[in-house]
Each structure stands twice: as C-alpha cells, then as structure tokens.
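Below you'll find a set of structures to go through.
Shared chain: chain A. Partners: chain B in the first complex, chain C in the second.
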Partner chain A sequence: MTLTTHHPESTGAKPPPLPKGTLQRRRFVGNLSAAAIFLTPALALIVVLRLIPVVQAVNDATHTSLPGSTLPPRYVGLDNFTALFSSHAFWSSVQQTLVFNVIVNPLQIALALALAVLLTQNLPATGIWRTLVFLPAAVPMTGSAVVWGIALRPDGPVNAALTSVGIHQQPFLTGQGQVLGSIILIASWIGVGYWMIFLIAGLNDIPAVYYEAAAIDGAGPLRRFWSVTLPLLRRPLLFVLVADTVSNFVLFAPMQILTDGGPQGKSNFLMYDIFHNSFELSDPHTAAAELLVLLVLMIVIVAVQFRLLRSAEES
Partner chain B sequence: MNRTPPPNPGAYVAQKRSRTGRVVLTAAALVVALAFLLPVLWLIASTFRSSTETFANSSSMNWHMLWPAHWTLENLHSAIDNGFLRNLANSVVVAAVTVLLGIVISAMAAFALAVVDFPGRKIVFGMVVLSFLVPFEAIAIPLAHTFSDWGLTNNMPALILPGLGNGLAIFTLRQFFLGIPSELAEAARVDGAGWPRIFLRIYLPLTRPALIGTGLILFLFQWQAYLWPILVTTSDGNDVAPVAIAKTFAAFSTDYGRVFAETAVLAVIPAAILLGLQRYFVASVATTGSKN
Partner chain C sequence: MKFPVLTRPVRATTSLVGGAIAVSLLITGCGSGGDSSGGAQQPAGLTAATGLKDPATPVTINYAGAAYAADDIKPVLAAFHQEHPNITVNYQAVPFDQFNSVLSTRLSRKDATLDVYDVDMPRTDAYQARGWLTDLSKAFPDLAGQVDKASLDAATSDGKLVTMPYQTSSQLLYYNKALLKKAGVAFPSAKPDDRLTWEAVTADAKKTQQAGAKYGLVFDQVNRYYQLQPLAESLGGGSGAGGDKNLTPALQTAGWEKSMDWYGSLFKDKISPRGVPVAQTPDLFASGQVAFFPGGPWWGPKFAANSKLDFGVTAYPYFKGGKAVTPTGGWSLGLNPASKKAVASEIFMKFMGLDKGGFAQYMPSLAVPPSNTAGTASFYDEKIFKDPRMAGAVDLTKYELANTATLRARTTGYVEFEDTLSKTFDDISNGASAKSALSSATSTINQAWAKYR
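For the complex of A and B:
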C-alpha cells in the first residue's frame, strides 16, 4: 500500500497524477456550488416570504403615521407596544385566542387520533370512510365557513334538528356563550380529517411485531394502545400538535366571514384583530406591533411543545 | 346432537368477540363518516334547489333537507352569469402553476439538503424548517405592504409566489430522498454523472409518489388560500374563487343559492383529485413525523 499516497503533503517521492487532495477539493467545491444552485430558489423565497415581512413588521411597529396623511411615518420606538399593552381590547383578544387554542388543539388531536385508530383496523371499505372524513379539508375554508354559517342560522337545519327533539332555537354565531363553541365546531369539521391522515400514516409505520408481541403477553386493546401505539406514535403526534396549534393560531376566514370578531369580541382572536386593526381601522402600526406579539407567542408555544415532548421521549 | 367443542375454546371466543367487534367498529366508522359527509350532502342538495325551498325544508326536519323536491340548475346558472367561471379559472391557474413550480423548487432544495454533502448543511436545513414553522398567514399582512410597495398587486405572480415556498413540501421530499440508498448516487458519481443528472435521472423517477403527494400539499395550500388573495387583489376579475364566494355571501345575504352552487363547484374539484390520489398523500406525509 505504499504506492497510493493518501496525503499528497506527506513525504511521497512521486505524487500520483491526480492527487486525492485535489480530487477532494474539487469535489468539495463542486458540491458547494451544486448545493448553492439547488437551494437558491428556496432560500430566495424564504428571504422574500419570511424575513422581509418580519423586518417590515418591525419597521411598521416602531413607526406611526396619521391615516391618510402624506407625511412619512415617524419613528416612535416602543410607543406602539406600550399603547397596545395598556389597551383592554388587546388583552381580551389575547385571552380569547388562548382560550380558543387551549380547547381546540387537544380536542382536534384527540378526535384525529381516535379516528386514525378506528380507520386503521382493517375494516371493510376503510378507504371510503377515510376519504369522507378527509373531504372537508379539501373544501376551501371560505366555502366551509359560509355553508356552516348558513347551517347555523336561527332558521337553518341545525336549529331545525334541535327543535325537532324539543330544544329551543340556539343563537350559535350570535350568542356570547356559543360563538366559541361554534367556531370550534367549524374548525374541527375542517381540520380533524387532515390531521387524521398524518396519524394514519404514522400508525401504518408501526411494525406489526410489536402488536403481536403485546398480544402474546396478553395485553388487551387498551393496554396495547397505551403501551405500544402511543409511545411509537410520539413523533407524528408531536408534528401534528405543533402544526395544528400553529394553524389554529392564525385561523382567520370563519371570523372574518361569519362573526366579525363578535358578539362582544368573543371571537375576536388575535389574527382577526390584527387584520381588523390594519384594514378596517387603518392602523397598520398597532397591527404590526400586535402581529409581533402573536409571532412571539406562537414561537414560545411551539418551543414549549417541542421541549415537553422531547423530555417525554427521553424519560 | 353432539357438538364438538372448538379445539381452542379461548381462541374461538376471541375470534367470535372480534367478529362482533368488527361489526361494531364498522358501524362506528360509517356513522362518523356520515357525520362528516352530512354538511356536504346538504350543500349539494341546496345547490340544486331554490333558496326558498332550502329554508322552507329546514325549518322542520324531513328528508327533503338532503334531497330537493324540485331540482333546478338556476343557482349554477346564476353563479356562471355573475362571472364565477373567471374566478374559478384564476384559482385553477394559480394552483396549477404553483404545483408545477413548487414541486421543482421544493425537490431541488430537498435534494441539496438530503443528498449533496456540503458544509453547513444541517444549519441550512434547520433554517429552512424554522422559517417555515411560522405559518404564512401570520406574516401575510406586512408582506402585502411590501408587495404593494413593489407594485406587485393584482396579478398572477403575486398570487402564486407565496405558494411556492412550502416548508412541508421540502421536508417531505427530503425524507424521501434520504430513503434512497446513497450507493446509487455514489455509483453515478464514479461514472462521471453530475449532480443535476443524478437529480433528474435517479432521484426524481424513484420518488414519483412523493412528488405527487407534495403536489397535493401545494395544491391544497393554494386552493384554500383566502387571506393573501384578499390582501393583494382589489378587482373582482382577479379574485380567486374562495374570495368570490365570500363576497357573494356578504353581498347577497338573502339569496344563498349562488353561494351553495359556487361552494359545491369549488369542493368537487379537490374531492375528485383526492379520490384518485389520496394514497399518495398518505404515503408522502408518512415520513413527516418519523425519524429525522
């Protein structure tokens, strides 16, 4: 093995015609330029679609201007934030958003998991049941929102069904106590099937031998779910939990189309409030400050979820 | 009559119980699926009857809620007469261009992140994942300000651009590319093939199901889009279909027939696509949660 020198800088008497170091360097440069070319479009999109808007939001949030004025916006530092933090409406919006998310995310994931387990039991025509449950996710959210909006009207079919079993007409989208539940119903009808597909994919990935071993040990269905399914489904569950939380934090269409944040601000979640401030109240500066608060809130929640699940995984 | 007991009584009982169990579970699946389907059936029925009939029949429960007494195409005609086909065409073009370009861009990025060995690959991958963890809607409003500063509103590129950068698509394809044995790329390298050739001739053909699944992810994003289109389009002619529906709903709060017809048309297209391609979607998202 003295003929092939792996290190050209070593004391080899005659260097081979193509020293490996040159090859390696050429390869290195080739890989780097290939990676740069392959990644350029995606990285350009990240800069345009994610970085520039955040810079724009910081810029908007630290300036102020009068609506309709031609004067350039004036730098005000953190004034917009202090104004926001002393506003009762803002805190009520934060509170509504958190309450909504604390209920809707666990609910949707529990339902999606239950459906995923049910529809991976080798039942007849499973493909059809899956498609039907998934279908609402494919209907554009505006369509789902208006159809549910009409269905939940005082003279709509849902109230008709309730009346026929002796329950009075309910003010689903206009009752202060019911609007939250109604939005949760609409969002879940849309979302549960979508997340179910991710969990079905995760369940299919669990090797059957684990179940066979558990069955031989005499574990019943509940025990198998608890000791085999849940631990092995942790990663897909984490993904779905994070993705679902993130998407529910920016839920927008149902409020904008059906409730305008009402009644009495009960569905005035942050994302809708930001839109409302920005366009209906023509106050992009407050809206930008509020948006940054929403972003920070979301990042904190996602980080906590990752941390919680990681520590659960290690223990 | 002398009945011989089954060889293993325990197994027999388990089998029998599981048969009853199967019937119960199938019934449960049927009921759940119908619960999800019911609003869709009501939507379709309401598309083919007059608005007056829709509400006359829903004030009391009867089967005409889901089956029109008098079928009519009036609602579909009304939607078409009011230019819904133009909006639908906008949606189709936006979605189609997004799917084609988006697959190319995501696959290229995923290929570099999974196959090409370069320094800082992990950091770039982490950056891609993190930047796409922030949902697009959250930054849509400030981005719309930027777009209007650039004069990029009211046109197709403005509608298409946000759909192209999809972290889930990149992540999914990367997982699939990682699953392809690296010996294949190595062998091709030894034979003198460059990275573009390896990408086009080896990786893309081997990952066709994942590419279809990614296409579905990109399609659903654009087909659903609502906030961004209302931010960057101001003329009715440029509206995508979901925006047109919301406007119809807001403007004609007594005539819901058109809203139903437009929604039904908008729902049928993805439903048909999904019926054919659902398994690719399941296969492609299978990797999102597993390993890393």
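For the complex of A and C:
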C-alpha cells in the first residue's frame, strides 16, 4: 500500500503540506488525462465510424439529385421519406424484412441452443462435431451463397435427391413461396454454428453444483434444462439474440448473389434494397432515407431486447 | 450488354470484394460527394484529334472496362504501348454486373483517377444526363464515315458526340447437331431467308427433349433486355419506352404481353431451366445439354474449343406473322470530365476506335464486330469464322447488321428501365403471369422515372 494510490483521508496520515484541494485536483486531472488517452482511440473510432456516417446519412436523406449526377444535390427536406412511404415496393420490402427476422432469429437461436446443449453432453468426439457445426461460419458468406445457389437450383443436387425419393421438384430460390424459406436455410446454415459457440461458452460457465443439487432434489433432464440451464444462460442468450438480430437485419450477400431481391420482390429485404438503390441505381439519397428507416427499426427492436436483458439481470 | 468476359464464373469471387466495398461504403454513409463546383463538362487540354501529340514524359491513364477480361485485351494494350511508349494504359477489368455500381461511385464523386471507361451503348443518354461524359464533338469531328451508323447514333447524345464507339454486336441461333439428329429434326440453313419462327423452334426443341436432350431452348442472356427486347419487337410491341423523351413505359402492349407469355411458357413447359443465372447458360450449351441456344457470336470460340461439340448456326428467329428483329449495340469509350490526362486519353480513344481500323485487328479471337468500318473487313477474316461449325455466321452477321438490327430504347432513365426489366424477366421465367409482371414493371419504372420528367 502506498500513499499515492489512496486518498489522503483514508490513510489516516497527516495532510501533506500542500493545500488539500490542489493535490486532489492534480490527481483528478491526472486521472482524467489518463482516461482521455485510453479512451481517445475508441471515441475517435465511434465518431468516425458511427456518428459521422449517421450525420452524413441524414444529410443525404434530405437532399436529392438526378441519379449519379455530378451536380450538387438540392435540399428537399423530408421529400425522400414521403416518396418512400408512398411506395408500395418499400413497404413490401419492410414487411419482408420483418417477416424474415421474426422467423430467422428465434429459429437460429433455438437451433444453436439445442446444438450447444447437445455438444456439451460428453458425447464421443465432441470436438469434431463442434468443428463441423462451426465450419460453415468460417467459409466466406459469398462462397456459401454460391454453393447453396447451385445446390438449390431447380435442376440441382437437392432436387435430384428429392426426386429420387419420390418428391416433386421444388422451386426453392425461384419460387415466391419458397424463397424466404430458402434464404432462412442458407442464413441459418452459416449462423447456427457461430452462435452455438457463444452458447457453449455460456453453458460451460454454469457451475456443476447447481445440476448436482437439482439432481439430488429429483429434477429430471428437462426440469434441469428449464430451471437451471435457461436462467443461468440468460446473459449469453440475450447477447446472441441482439447480435443475431442485428446481423440478420443487415444480411445482404445471399440476395445480392442469388435472388436480386426476387422473385417478385419476396427477398427484397431492406439492406439489399439500400445497396440496390445506392449502387446499382446510383441514388444515394433514397438509399440514405431507407438506411435511416432501417436504423430506427433496428434501434427499436434492439432497445426492446436490452430491456429484456435488464429485467433478466434484475431477476 | 454482356460480352465475352464472363467465360468464368467471375461473379462469385468478385462479389465478395464488391459486397465488402459496398457495405463498407454504405456504413460510411451512402454519401454523394460534397463537391459543389457543378458539372464541368470539359477536362483541360482536350484538342482536335488531328493535332494530338504524344506526351514528352511518361503518363499513365486508368481505363475501367467491362467488355473484355484483362487477358483478352492484353494484345491491344501491348500494341498501343509499342506505338505510344510514353503512355501506359492501366486496365481495370470490372465484371459487368458490378460495372454500373463502380462507375457510379467513381464518376459521381469526380474521381480524377479514372480517365477512360467503357460505356454500354444504351446507357449513353443516362450517363450524359448525369454529367459523366465529355463532349468530344470538337475532338473527333469526322467520325461519320469511319464507324457504322448505328454506332455513331449510339455515341451521340443531344446532337453532341460524347463517346468513341468501338464495338457493336449481333446475335445468332446456335443448335446442337447431335441432339437435332437424334430427334429427327432437319438442320436449319444459315440463310437469312430461311429464318425459323420461334413457334417452329419451340416445337423442334420439344422433339429434341423427347429424344433425350436435357433442355430444348436456352437463351444466353435469360433476363436481359438486350436479348429479349427483339421478342416483343418482332410482334410489334415496340422498345418498351415511349412518350416525351422516351420517359413513359410502354410495356403493356399486345406485342410485349404475347411474347412474354411465350417466354414464360418455355420455363413452365421445362424447355428452359429455371434458376440458372446468366453466367452459367453458355456452359449448358457447351456441355451438349441444350438443343437451341440464341446467343452472341462471341461464344463461338468457346463452343468451338470443344472439338466434340457438333453445332451449327442459323438466324435469330422471329414470331410467325411478325418481323425479323435482332439485338445490336455494343461498347463505346467515355472520357471522364474529371480526368487530368485528357490528351493521353484522347490518343488512346483514337487508337481503340479509329487508327488503322481500330482495336479489332489486335484481337486474335474477336467474335464481335467492331464499330470501325475498316476494321470490320478484317474482323470477318478471323480464325473462328473458318471453323466449319460457324459456317454462314459471317454472311448472317453482315445481313443482320444491315437489315434487322434494332437498338435498345434510348432514354435518360435507361439504368432503372433495364434494371426493372431484368427482374421482370426473372419473375416471368419463374412463373409470374406476363400481364401482371409487365404491369408491375410499368408502375416501378413510372415511379423511378418521375425524377427525370
């Protein structure tokens, strides 16, 4: 213990000859500058990567110009939003995005949890199973998308397998009723193994004594899962929920590579539509307006999830 | 329009990079440039082609191209470097599917590191309206007579010459002789007068499938306006755009609906496969799975490379009772108004389009006609046309370019038009009714064009 690490009063030593306030202030300033030095890189990155883009997006969303024009854009207030909100295609894109997320997030988390529980049960060769399940997450998403695109082609291997067991050929990515399911399949094939790893870490953190106590009290496996595993896994589960939701809201590669938002707009999720407007149609202003809508949508949903996180901590 | 670049599935690998760039750019704001200096249309130093002088010190110009893969254009650039040792052309090959996005990000931000770039001919008006092109009227005042008329038209916007046309195009119908023979279908002749109707091709295609062909008829560009516009035009459906400045969609016509009904039926009846992307269709014909393949002459070298593939060519079909219409148009070179190397760029454009017949003479396996009329003569002497399987292709191409070639719709809203139509063709092939798909395309295009009117 040294003087310098403790407040003078708390050590019980005599106050130093310097006026009391000066030393305190000097330490305070010293701490503050140390904090500033450590925080600056993070703050700078937040400003450069998060705040400036949002300000820029707001600026873009309130201006307009002919697509791709080199002339300076004109200020139009909320006109871009009015145009968006009166567009049928935009609402259908919002609707498809929400439907996709309502299905894909719970599904992925349920599967990831089931796999995580299964693979922490001391099965033989658990390491190999875990690796195999995780592997798709290590393949670049574009690669996975292309391979799935070929697999799900109407004349592709999946249909060949289906036909061989007497099931009719399915349209998959080319059918407006199946494209959503197909994208969910592709996204989950990649996502499930990734989120599983976080849940395995969470499961391993649960002390074994709880399970032993529950077992002594006569709790069966299901009861132990509901009353021990789930409550103690809440924090990692909620992290996975938030992170998975965000990543699925900005999912984009499978649509860009496989469906171009089709058929009939059924996979035209917001993130893809933003890319499409901004880069393929050279209209960054509509894209920025859409981006802000997506941002608000995500903030609302993530805020609700954080609420859940807080109530989970309180309980 | 897509040309021979996509012989490999480039899209898969490049879209990783493209996607990453796109997303990172989105995250840093979908911003337009903050430059407010206005649309300066002239880069400094532009001079009349007759007075061009090579730079005294080395200059490097950047050329973004989508018409040719980097390897294919190498001999052309080598010849240029030999003739103009002080100018280096840095060729940046961009996959066609990403070309518009790349140009959009670079040109709308007045990126001076891009000097020359490929312009897909029907996009000329749209690019001119955006301020991406330089007025070349004074630089190349005597282009008429040196390039074919359709190319010159396509390079002109508002009466100004804004690009240097270098390549045009035409289409053929390839057929697999082995599959036709097996089905007892007579080989069609390559004479324009013996042009098949789509109805006849459909019937023959079905016969070949009954005799074992996997697919009867597969279009090269399954969802592109370039190859499908002639279907509607053949039935008098028009280009799809009309009204003042071609800014009113005209897709709900009998010609469009009837031809698109037929197009949708190809997929419904399993004559064509659903879900095969554009880049993979030529492989289906090259591997002998397809009886009839309407496609560009640029696939000739690829098909001919397979010595076991016995094929022939005939004219691009038409609908019974309709007229013969073939796609055309190709690529020009645009000069970025923000370029700081106008003279070197001009020298390169002149070399590509005009000097001694233009670029075509340096391309050992060119299968697409150049815009330059002098270059066209040597083009027809290419090795690929000596292959017996391509017999008749030369006369056919000459005939089509002179008689049936029809340019795509000219409109400042072309980018949105083509984009919407691609999705519409996809929807039709995936089972949407032609009528509803064309009606929904009309409303989408109408909405997108409101800003141009």
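Quick note on the criterion: the second predicted complex is superposed on the first by the 277 of 315 C-alpha atoms of A that agree within 3 Å, B and C clash if a C-alpha of one lies under 4 Å from a C-alpha of the other, contacts with A are read in each partner's own complex, and residues count from 1 in each chain.
To be clear about the criterion, contacts are C-beta pairs under 8 Å (C-beta built on N, C-alpha and C of every residue); 3 or more make two chains touch, one makes a residue touch a chain.
The shown structure was predicted, so the numbers you read here are calculated from the model rather than taken from an experiment.
When the two structures are aligned on the shared chain, A:Ile46 is found in touch with chain B, with no touch to chain C. Shared-chain residue A:Arg74: touches no atom of chain B or chain C.
Look at A:Thr174: by the touch rule set out above, it reaches chain C but stays clear of chain B. Looking at the shared chain after the overlay, A:Arg310 reaches neither chain B nor chain C.
When the two structures are aligned on the shared chain, A:Asp155 is found in touch with chain B and with chain C.
Once the two complexes are laid over each other on the shared chain, residue contacts for A:Arg223 go to neither chain B nor chain C. In the superposition on chain A, A:Arg235 contacts chain B only, with no contact to chain C.
More residues of chain A are touched by B (comparison of chain B with chain C).
In the superposition on chain A, A:Ala288 makes contact with both chain B and chain C.
Of the two partner chains placed by superposition, A:Arg25 touches none, neither chain B nor chain C.
Taken together, the two complexes place residues 49, 52-54, 56-57, 60, 140, 142-143, 146, 149, 155-156, 250, 252-253, 256-257, 274-275, 278, 284, 287-288, 291 of chain A in contact with chain B and also with chain C. On chain A, the positions that touch chain B within their shared complex are 28, 30-32, 34-35, 38-39, 41-43, 45-46, 48-54, 56-57, 60, 115, 118-119, 121, 123-124, 126-151, 155-157, 160-161, 163-164, 189, 193, 197-198, 200-202, 204-205, 235-240, 242, 246-247, 249-250, 252-253, 256-257, 271, 274-275, 278, 284, 287-288, 291, 294-295, 298-299, 302. Within the complex formed with chain A, the residues of chain B that make contact are 22, 25-26, 28-30, 32-34, 36-37, 39-40, 42-43, 55, 58-61, 65, 104-106, 108-109, 111-113, 116-119, 121, 124, 127-128, 131-143, 145-146, 161-162, 164-165, 170, 194-196, 199, 220, 223-224, 226-227, 241-243, 245-246, 249-250, 256, 259-260, 262-263, 266-267, 270-271, 273-275, 278, 281-283, 285-291. Every residue of chain C that touches chain A in the complex is listed here, in rising order: 9, 11-13, 15-16, 19, 22-23, 25-33, 35-36, 38-39, 100-101, 104-105, 107-108, 110, 126-127, 129-132, 214, 273-277, 337-338, 415-416, 419, 422-423, 426-427, 429-432, 437, 440, 443-444, 447-448, 451-452. The touching residues of chain A, when paired with chain C in their complex, are 49, 52-54, 56-57, 59-60, 63-73, 87-89, 140, 142-143, 146, 149, 152-156, 171-176, 250, 252-253, 256-257, 260-264, 274-275, 278-282, 284-285, 287-288, 291.
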